[in-house]
Structure formats: structure tokens, C-alpha cells
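What follows is chain A paired twice: with chain B in the first complex and chain C in the second.
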Partner chain A sequence: MTTQEVSAVFTPLRKNWWLWVKENLFNSWYNSLLTVVLGTGIVYALLAALRSLFGFDYTILRVNLTLLMVGQFPRDMLWRPWLSGYLLVAAVALAAGLLKAQAQSKAEQAGLPFTKTRPGDVLRRGWPVLVLVVILLSLTQTITPTLLTVGLLAMGIAAYFLGRVIPARGRRLAWVGVVLLVLGGYLALAAFGGRGWSQWGGLHLNVFLTIAGIAFAFPLGLLLALGRRSSLPAIRTMSVTYIELVRGVPLITILLFAYLAIGFLLPENLKPSPITRILIAITLFEAAYIAEVVRGGLQALPKGQVEAGQSLGLPAWKTTRLIVLPQALRHTIPPMVGQFIALYKDTTLIQILGVLDLLNVSFIINTQPQFLGQGLFILTMSFAALIFWVGSYTMSREARRLEKKLGVGER
Partner chain B sequence: MAALTTDGLSARPPFWRSLKFIRWSIQLVAVGLSVAIVFYLWNNLIRNMRASGISTDFSFLTQALGVNIAGSDISPGAPIWRGLLVGIKNTFALVIVGVPLLTVLGVLIGIGKLSTNWLVAKICAVYVELFRNLPPLLLVYFMFNAVILQFPAVENSWDLGFVLINQRFVAFVGFVGQPGIGMYWLVMGVTLLIAIWVWIWRTRRWEQTGEPHRRVAWSMALLGAVALLAFLILGGPIALSIPAIDGRVATGGYQGLAQYFGVLIALSMYTASHVAEITRGSILAVAKGQTEAANALALKPTQRLRHIVLPQAMRIAIPPVISQYLNFTKNTSLALAIGYAEITRITFQTIGNGHPAPQMIALLMASYLVFSLTISVLVNILNRRLQYASR
Partner chain C sequence: MTQATVYSDATHAKGEPIIELIDVDKFFGDFQALKDINLSVGLQEVVVVIGPSGSGKSTLIRCINRLEKHDRGRIVVDGIELTDDVKAVQAIRRETGMVFQQFNLFPHLTVLDNIALAPRQVRHASKAEAEATAMQLLERVGIPEQSRKYPGQLSGGQQQRVAIARSLAMKPKVMLFDEPTSALDPEMIKEVLDVMVELAKGGMTMIVVTHEMGFARAVADRVVFMADGQIVEVGTPEHFFTDPQEDRTKLFLSQIL
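Now for the complex of A and B:
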């Protein structure tokens, strides 16, 4: 044994940073070379990035922050998006609390260990969102948004713990409350003199199109997936044709179709607004992809489950509803999150149609007279990139975590 | 018989309870409903188009395109169908160069993520997480507007000797045939055939005697030697054409539009991040015993990767990677945003010039569909061949 090996064996607990560096950065001559070259490059790039970060004039983002977030939503009605945000955060936090409470009751019944979520876990999992919120608030011009955000956080935490402490028999009612809150989130924007989705814009529009697109496409996708696995040849053929046709073309062609040509397919008196057309296109497009996700879940189900249902004498639709879907859909949650992320990124395509989404706003604010031709494009694009990145990254990490958790529970 | 059927016990259930009837009626209703919807929409389409005085056939394809396509010989007077063909060609130009580019990049980064060098592994992981989670359209815009448009104007192009770079195009060194070029190609063609034969011969010999085959060295040496000899004997049948700036245009060499490179690089980097994840997953999916067996045989790490791990990982990786190639192909439609004249862009422009949208978009979708469906059929065949018999 060399001295090195001896020290590695006998002092395993002492963190020897030099040994770590030697093993992970300089373990052979070419790795040493790589480390030196890449390390120099990274230090240089980071310094350059930092320098340009401080060199920028952030006025363009400060002035246009509202436009970037909610587009041209009437400025005297900004309380509506805030109210909507409060209701939706309350819904999500309440749902999270309820799910956690349900998991806890289940674990206690089965006598399994149950790990509580610690504030540290939330910080570790949600740090990109927190950083983004701090950046956004640092760009605001008044104190109001900061106060409102603090209020939002406090209310979210309160709603979570409310969901945790609601007793088991009240949970059904609480879920109704969640649905009502989501509905309220929409009505706060659109009803009582508000503005419907045709006049939404900015990041708000991207998020709305993602959520609404998945929500509308899900029932259609579920039917298509069941149709694709049906034993009836006509239904199977029609489902496969639809799925393969839609998956064979880019989203932009379907968007172009909905935007430019769907008017021809509808009766003359029916003229959907641009955003509604986009929503139709996204729904038709996503349905095919969701169908494939659900099919994956259906295929993962052991055949014995269906056979068990049949041997109990259940009719086919009851076997599907009571035995197949509850198990199959649980498998589809992680890939469904992946689909959600893909759609979130794809909503930027509506920029091509001239709709004022986040990408388009970050594009055209460069043509405002006071910012024209100042090379701020890189700044506004990076800002949009940051927002999209934080959302996608956080969701994909959560999906991976969920995948692991579901996988462990399965075996 | 009559007595038996009336006692109610052995009577057949009514016909509408029979499985056959239920199956048939469900299918008939579903098909009927779909046909009715399609018929209704089709009817609306024809009626609405006639009402607004738009032609309902494809005869407009012979009318003038009305736009210039940069980087091609298409003038505004050329018919629309020729413009569309150029669009398809330009889409292919992106795919043909982009697929090898993104594969090399993706595989390198995927292997890099498993590197024993902590820094390399971290950089590759950051690359994957960064690019995977950004909208491809944003990347295309960023690459074009924030990077390429910051390059110098044509007059002040960066001149790297064999490459010229500016914000409008990239010009590479090209080759120009001199007298004797035909003879040269003939000689090289024959040599190539001989080189292939040498390759096979070395392989056979290796299989029979076990002596190292060195087939790459053998055939490459042959090709290189003949290429050099023939070049000297024929008195230089190929000359270099070095790009140079002449006022506001470049002369000589091969030129590629800046838009082309913007889309190509942005989408390749985006798709490479997905390919990297697939590569990494596939390498990890190769059974651990295989690596241990390679170590037991005292293979070097590079040999282990080259001969044991990668060939097996490839079988796992091929279906998802091809699906990424298809995604890349579909994403080339984003070139529309920065004005590279591929098929979607030309369709969009033609519709903008007042030609009927339904037919144009149908043609557009059909071109992508033909491509996607062909590839998926090929993949299915390839996949069946590649899988081990036991699986």
C-alpha cells in the first residue's frame, strides 16, 4: 500500500480536499490538461458575464416589466391578475397540503415511515423560482409588488398548512374548494367587467396557454389513447391515424392552419379570436402527444389487472374506469409533466403569428424610441430566457423526483 | 324446437345484447360521426372559399412566386411550385448538416457527463440543463439577433484565411476544377473501389489468421497516396478557391447565409442536449457485468468504451435518437422566424402574397408528413434488425 492508499483507508471521515482535487481533477495527464484549459476558460467566461451583467442599463426591463408580465392588460385593472394569482396560489398550495395529508394518512394506515417536507427541502428544490422572484422584484419601481408578493407567500404557506390539518372527512369538500379557487382565478380576470383571454399577453398568456392547452387536450388524448388500444379495428385505425398525422407535422404548421385557415372550416357567423384559434390548435396538437403519454401508462400496466377485472365479471368500461385508469394515470404523471414543459416552451411559437407573448414583448420593446438601436436585445432575450428556464428546470426536476418516488412505491 | 325456445331459459338473448352487435354498432357510430364531422367541415371550407372568391384547386401553383429567395436562382417571376421545391431543398440542407453535427456534439457531451474529471462532468451537466430547458425558438432568435448580428459588416469581415465570417454570410474555401478534372475523378473512383476491396481483404485475413487488420490505415494510405500521385501527374487538376471580399460581396469559395448558420447552430445545440441525455442513459443502461468483464480482460478504458459499451449502448439509443432527429427536422420550421427560406417560410410568404392558405398549408403539412412517416417506417425496420434475437 502506498501512503496515499493508507491515508484513504484510515481517514475516511476526514474530508481531504486535496485528495478530492487530485482524484477528480488531476487523475491523469490529459485530465489535468483538460482541467487547466477548461478552468481557465470558465473563469474567463464568468468574469466576462459578470462584467456585462453590471454593465447593462436595466431601465428597459424596469419600464416594461408590466408589459412583459401581463401584456396589454388594462393598467387600471392590474388588481385582477394579482387577485387571480392569489386564488391560484391558494389552490395549488391547498392541493399540495391535501396531497401531503393524504399520503400521511395512507402511510400511517399501512404502518410505513413518512417523511415530512422540511423548509430546507423547499428551499433546495425551489431556489430557482425564489431567485427569479427576487430578480423580478428588484426590477419593480414601487414597493407595492414586493408587499403583495410577501402577502402571496404568506397566504400560500397558510393554505398549505390548512390543507395539512383538514381532517380526513373534510378533504372531499376541500378538493371542491380547490376547483372553485381555480375557477375563481379565471373569473377574477375575465368576469365582472374584466378582460377575456383574447386580450391577455406577456408571460401570463404563455402560462395560461400551457395550462389550458393541457387541460383541454387531456380528455381528448385519453380517448385517443384508449382508442389506440381498443380491440375495435375501426376505432383503433382512426385513433392511430389522428395521432400519427399530428405527430408527423411541426406545431407551427398547425398554428398557421388554425390562424390562417380555420375560419374557412367554421360557419360564417363563428369567428374565433386569434387566441382562441391558437388554443384550438394547441389542444388538437397536444391531444396526440398526451395520447402517447397515456398509452405508455396503459402499456406499463400488467395484463393480469385487466384479467382480474374481467374475472370479477366487470363490464369493459368499468374495468377501464375502476382498475386500468387509476393505475395507468399514476404512471403518466412524470411524462405528463414533461409534456407540460414542452408545451410551455412551445407557446413561444405564437410570437411568429404576432401575438404579444413574453418572447414577442421582449423582442419589440427594443423598438421603443428610447431603447432603439442600443444593443439591448441580448439583455431582453436573456431576461425571457431566464423566465422560461426557471419554469422548465424546476418542473423537470420535480418530475424526476416524482418518477423516483413513484418507482419506489411500485416495487 | 318451438317448445324449447319459448320456455325462457334456453332462449337466446336478444340480438342487441350480443357482443358482435355491440362491437359493430359502436364502430359504425364512431365512423359515421367522424365522417359527418369531416364532411361538415369540408363543406364549410368549399362554401366559404367560393364565397370569398378563392380558388379551391391547386392551379395557383403555376402563378408567380412574387418574392426573391436569397441564395438561389429563384426570381420573383418563377412559379410557386419551384419556390416550394427550393424550400424543401433548404430544409434538407439544414437536416443533412445538422444531424451529424448534433449527433457528434450530443454524444460527446453525453460521454462527458460520465467523465471522471469533475469539471468536465459538471460543464456537460450544465450544458444539458441549460439548453434542454430553453424554448428552441428563443435560442434561434438569440443565436441570430444577439450573436450573429453582432458580427462585423461585410466590408470588415473576419478573415481567417480559409473562412470569412460576417453578419450576412459565412464563406468557406472551395475547390475549382482545372483541365484534367474528369480524369482525376475517374482515377479516384477506381482507387476507392480498390480501397474498399483492400478493406475487405484485410478484414478477412484478420478473421482467418488473427493478425491485426489495420484496415483503416491500409485503405487510407492507399487513397492518400493515389490522390497525391494523380494530383502531381495530372498537373494540379483541382485548385483552391479562397473567398475574398470585393466591396459588399464575397467572391470565391462556398457561401452560406448567416440565417442558415443561426438556425443550424441554435437547433443543433438544443437537440444535442437531448441526445446527450439519451447517450448517458444508454451507456448507464448497459449491464454492469459487461464493464466488469471488459475490465477482467484488462481492456483499456478507451477499448472498453469502443468495443464493449458503445456498441451495446447504441442499440438502446437508436430509437430515441432518431425521434430526436425527427424533432430537429420539425424544428427547422422555426427558421421562418429569422427569414431563412425553408419550406415553412416560403409557404408563409406565399400565403402573405394572397394565395389560398388551406391548400398551401396542406402542402406544407404533407411535405413534413412524407418525411416523418418515411423515417418512422425505416426506423421500425432498422430497429427490428438491430435488436438481439433474444429480446
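Now for the complex of A and C:
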């Protein structure tokens, strides 16, 4: 391709689309040939994909939906994941409402414009999630999950508006409520004869490992990032060594190593469960990456900010806590979400340790006698891929939105 | 290098000396930024430091609150000698306010929180107390109506006035100004200088690095001229501007006046 041709490809679509097609797809005999051959292939592939998608018998997903979602969680205890879901959605919605209300009062005090979230925005931003929920519900065998989901949605909306209307004085208490709800979300699954995370599986396990992994790795990564910039050589060297060592090794190696090494090193009665070992490995791995993300944020901060803190007589740790970190972490939100997405997908690696996560379940249900050898791999893998795509895409979209919003008002 | 010219009436600080620099040297690698600096500043005195860029003016005042560490000599502020001892450094920083060329306000905090932060965190003032003081200071610098805004919403001149208020909130005994008007648009310089003049009249001890000769003439008790890391000439404004002794000073003044 010559430069002219390259630039032609990137010129915006003209009003006369036929002219565009002629200029870009049929401008020479070989280009015309390529267009015809590739075009036929693409159309054929699309048709085949569509036909097989509709031609598939979805029984394999219908029968195994619970397995795909929550693994081998005892079937007589399925109310527990639902209750947990209710509590967690309540926590997230309440937190979102509180954040929005806080942003609003801040903006109003400062005289800055503030845009309310409209239902249309939520639809535009959340359509992949909604589509996925509809697909999942279409695969259920009773009406109960649909009713529960509608209830979940209603409760989420209620919690959001509760967060919006709680007066400023009550917000601190409401945040305590958020924490309690999250805690309740775990206890609903584990406490009083339930099942702890060691016995979780399916999509639930992937999501849990992602969130818990980041939650545990974040404080560690923060310390490592600060350690890397420390003026004490011993701490600096240790931090750099750890970060570079871990970043130089694939996650799968660390997973295997943690899994086996912890098994060897600890006596039988102290051995953590496989999933706990996996969580430890993920935490140690992610901490190194988060440290580098945080370091980027720290480096972006002008030196004058620290000097201003110092000149006011603030001790070093208060300068860090009150001036450096609030600004630096704000800048790290977008790359941090990227890390989050990467981990979400990386959690599928744990299947090499024989854990029944979503991908592993999607794989092994094909070996069930009634589905064996029916070529349903494409279906089950597409299903798993769709679920991961929806999560990752939504996160990355929200990250981009945040990126745009940051730097407005408070800069 | 010859001994710096020091006029007989300018040898000693006006009041009790509160800042003393004795034989101070400062290096950045091989480059000597400060050479054999001797300066004593008295209580309630206003000292203006001028000189060409790269002459060490900023380094000089940044050494006084330990944003830079001096390599030789002694620096004593309010009876406390600057050493590696963190407590001494903290004590001196509490007594010393600093205003920067780039304002360095905290962009994530409102104007009010910018000012109230240090009194609350360092002096352990209550929230109400710190905010009341902050509002008084904002009145004093003439922008109480901006208290709930963020620094990014203010003009440069307003930001610098907030920065001055932020430093004053710690009730410092000494104020250091590092080219406070150099980053401002011309029409905003006056509003900041007015605040500084008012501060000087109120008896604040000040060391001001600036290119504002009008300010130096009107407010300074002594003018210090620096070049190549050394103090070349020290004198009262009348002497300094009308009858400079050193060739280096004459050259500089001829270039800027």
C-alpha cells in the first residue's frame, strides 16, 4: 500500500458511500479480487456462526447453568448465593448513591456543574450486562431466578436512591452500613453451616478471586510502591527486588509454585486449602503490578506538592497520606482498572490446579455422558467468553468514563 | 572574590536576629550553588533578595527551611540549628512559612481545606477553630467568597493569595517568598504584592526573592544582591538603588531598571 492508499482508508466515510467503496475496495483488479474473495469468506463465516448459534441445542447450558455460575455449591443452599448477591448489590448500589451525593454536594459548594445520572445513561453504559442477564435468565428452568433478579434490580435501585437522599450528616454511618453489607455478603455464604471460599466454584469463584485478589494486593502494592521510593536503601532494595522478581515470572509459575510449595512446607494440619493458596499466589503476584501502577501515579505528581506539605511542617507520613496519595491514586484509577480486567481473565489459569472455575466447568461439562462427542465445545466456550467479555468490556468502558471525568473540577 | 560590600548601617539586622546563616555552602554535584553565605535577618525585618537567574537566590531561602540541605556552615532559625535531626527540621518548618512561585496549592482540597489542613494536622487545632482562622485569613487576603472552591477554579493571583493565607495559618514567625509573582499575569501581580506589603507593615519577618524592584524599594529594610552563589552587596534600598558600589550590581541594575 502506498501512503496515498493508507490515507484513503482513514478518510472519513463520505456521503457517497459507493464512491468510498469504489476508491477503497475496487480501486485495482487485485484489490477487487481480494474484496470479493475475503467478502465471500466473511459473509459465509458470519452465516455459519449464526446458523450454528441458533442450531445448537442449549440443553447443555440449561442443565449446567448452576454449575457454571456457582460450581458445586450445595444445591439445597442456593438461597445463600442469592442472599449474598442481594447484600452485595445493596452495598454497591448504596455506595454508588453515596458517592454521587457526595460529588453533588461538593460540586454545588464549589459552584461547579453537576450532571445527574439519567436512566438513559445507565442503559447506554450497562447494555452488555443487561443483555447477559437476559441470556442467563432465558437459560433458567424455573421462574424463580427471574423473579429474584427483578427483585434484585428493584432493591438495587432503591439502595441507590437511599444513598442519594441520606443527608450529609448520616453519610458516615451509611458507609459503615456498606461495609457491614459486604461483610454480610460473605457471611451469607460461609457462616452458620454455609460454605467458605475454599468450596466455591464457577463464575462466582472467578469474580471472588478478582475482587479479593485486588483487595488484598492493593495495600501490599501501595507499601511496595512507597518502599521503592523510600530514602532508606534497605527498604528500597527489598521493594525493587520483590517487584522485579515477581514481574519477571509468569502468573502460572507463581500459581504452581505457591500451590506446591505451600503444600510441601507446611504441616498437614496447617495447610491452607487450594483456593486459599491460589488467593495468596494471586495477591503476591498482583501486588508487584499494582506497585508499578501506583509508582506511575506517584511520579506524575509535581515535586512542589511534597515541598508545600513539608514547608507547612507536615511530617513525612502525613504529607504522603494527605497530599501525595489522594492525588496519585486518583491518577492510577484507569491503569488500575486495566489491571483488574487482566486479573479477571487470568483467574481462569487456576484450572491447571484442578479448580472448578467458570472456564474449567465450561470445558468439563462436555464430558458428561449425554453431551459427550456432540461438538458443543464452541457453544460452551462462547458462553464463557461472552461472560468474560461483558465483565471486561463494562469495566474498561467505566474506566474510560472515569478517565474523562478525572481532571474536571478538582484540577 | 572580594568581600561583599556591606554598608555601615546595614551590617546588623534591625531587631533581634531570628535567622542566621554562617559560612553556608551548598553544592549540586560539582556545581556550587551557594558560596560562603553570611546573612542575619532580624525580627520584623523585610529582606529582599535579588539577582540574575541561577545566582542562588531560591536555593538560599530553600535552605532555610530545609527543602535543600546545606553542605557546610550553620543555619540557625529562632534559636534552633538546622541539622539532620528531624525534630529540629520540623520545628523550624513550623515557624517558617513559604510561598512558592508555582503556588503549589493542593488541587484535591478546597481553598478552605488547603488553609485548614496544616493547623489541624500539625498544631492539632479543632476543625471549627482551624476553619474559623482560615476564613479570617481569607478575609485578610480579600477572597473569603472563594472558600468552597477548588484551586483550579481560581485565577493565578487568587491562588497565590490563598497560598499566602495557607502559610500564615501556621502562625509562622518568618515568611519566605520564592518569586511569588513570577508566574502571574501582569494584571494580577499587584493584588499579591498588596497582600505582601500589608503583611510587612504588620511586622512580619520576611525574606523575599523577587524581581519586583518597586516592592523592594517600598518595603525592604535591606536589599541583598546575589550573583554566582555569592552575596555581592547588601544595603538599604536607598543606598542600593541610588548608589550601588559593586560593578556586578551596577550592571544588573542597568539591565533591569
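Everything that follows uses one rule, which is that the second predicted complex is superposed on the first by the 356 of 411 C-alpha atoms of A that agree within 3 Å, B and C clash if a C-alpha of one lies under 4 Å from a C-alpha of the other, contacts with A are read in each partner's own complex, and residues count from 1 in each chain.
One rule holds in what follows: contacts are C-beta pairs under 8 Å (C-beta built on N, C-alpha and C of every residue); 3 or more make two chains touch, one makes a residue touch a chain.
These numbers come from a predicted model, not from an experiment.
Novice: Which partner, once the models are overlaid, touches more of chain A's residues, chain C or chain B?
Specialist: B
Novice: Where does A:Phe257 make contact in the superposed view: on chain B (first), on chain C (second), on both, or on neither?
Specialist: Only chain B; A:Phe257 stays clear of chain C.
Novice: Which partner chains sit in contact with A:Asn27 here, chain B, chain C, both or neither? Use first/second/both/neither.
Specialist: After superposition on chain A, A:Asn27 lies in contact with chain B alone.
Novice: Under the stated touch criterion, which partner chain does A:Asp357 make contact with: chain B (first), chain C (second), both, or neither?
Specialist: Once the two structures are laid over each other on A, A:Asp357 reaches no partner at all.
Novice: Who does A:Phe377 touch here: chain B (first), chain C (second), both, or neither?
Specialist: first
Novice: Just checking: does A:Glu286 make contact with chain B only, chain C only, both, or neither of them? Give me first, second, both or neither.
Specialist: Neither: A:Glu286 stays clear of chain B and chain C.
Novice: Which chain A residues are contacted by chain C in one complex and by chain B in the other?
Specialist: In the superposed arrangement, which is not itself an observed complex, chain A uses no residue for both chain B and chain C.
Novice: Which of the residues in chain A end up touching chain B in this complex?
Specialist: My answer: residues 24-25, 27, 31, 34-35, 38-39, 42, 231-235, 238, 244-245, 247-253, 256-257, 260-261, 263-268, 341, 345-346, 348-349, 351-352, 359, 363, 375, 377-378, 381-382, 384-385, 388-389, 392-393, 396.
Novice: Which residues of chain C touch chain A in their complex?
Specialist: Residues in contact with chain A: 65-67, 90, 93-94, 96-98, 100, 102, 104-108, 110, 117-118, 121-122, 148-150, 152-153, 166-167, 170.
Novice: Which stretch or stretches of chain A touch chain C in the complex?
Specialist: 109-112, 302, 304-305, 307-308, 310-315, 318, 322-323, 326-327, 330, 409-411
Novice: Looking at the complex, which residues from chain B come into contact with chain A?
Specialist: Residue positions touching the partner: 23, 26-28, 30-31, 34, 41, 44-45, 48-49, 51, 116-120, 123, 129-130, 132-138, 141-142, 145-146, 150, 330-331, 333-334, 336-337, 344, 347-348, 351, 357-358, 361, 364-365, 368-369, 372-373, 376.
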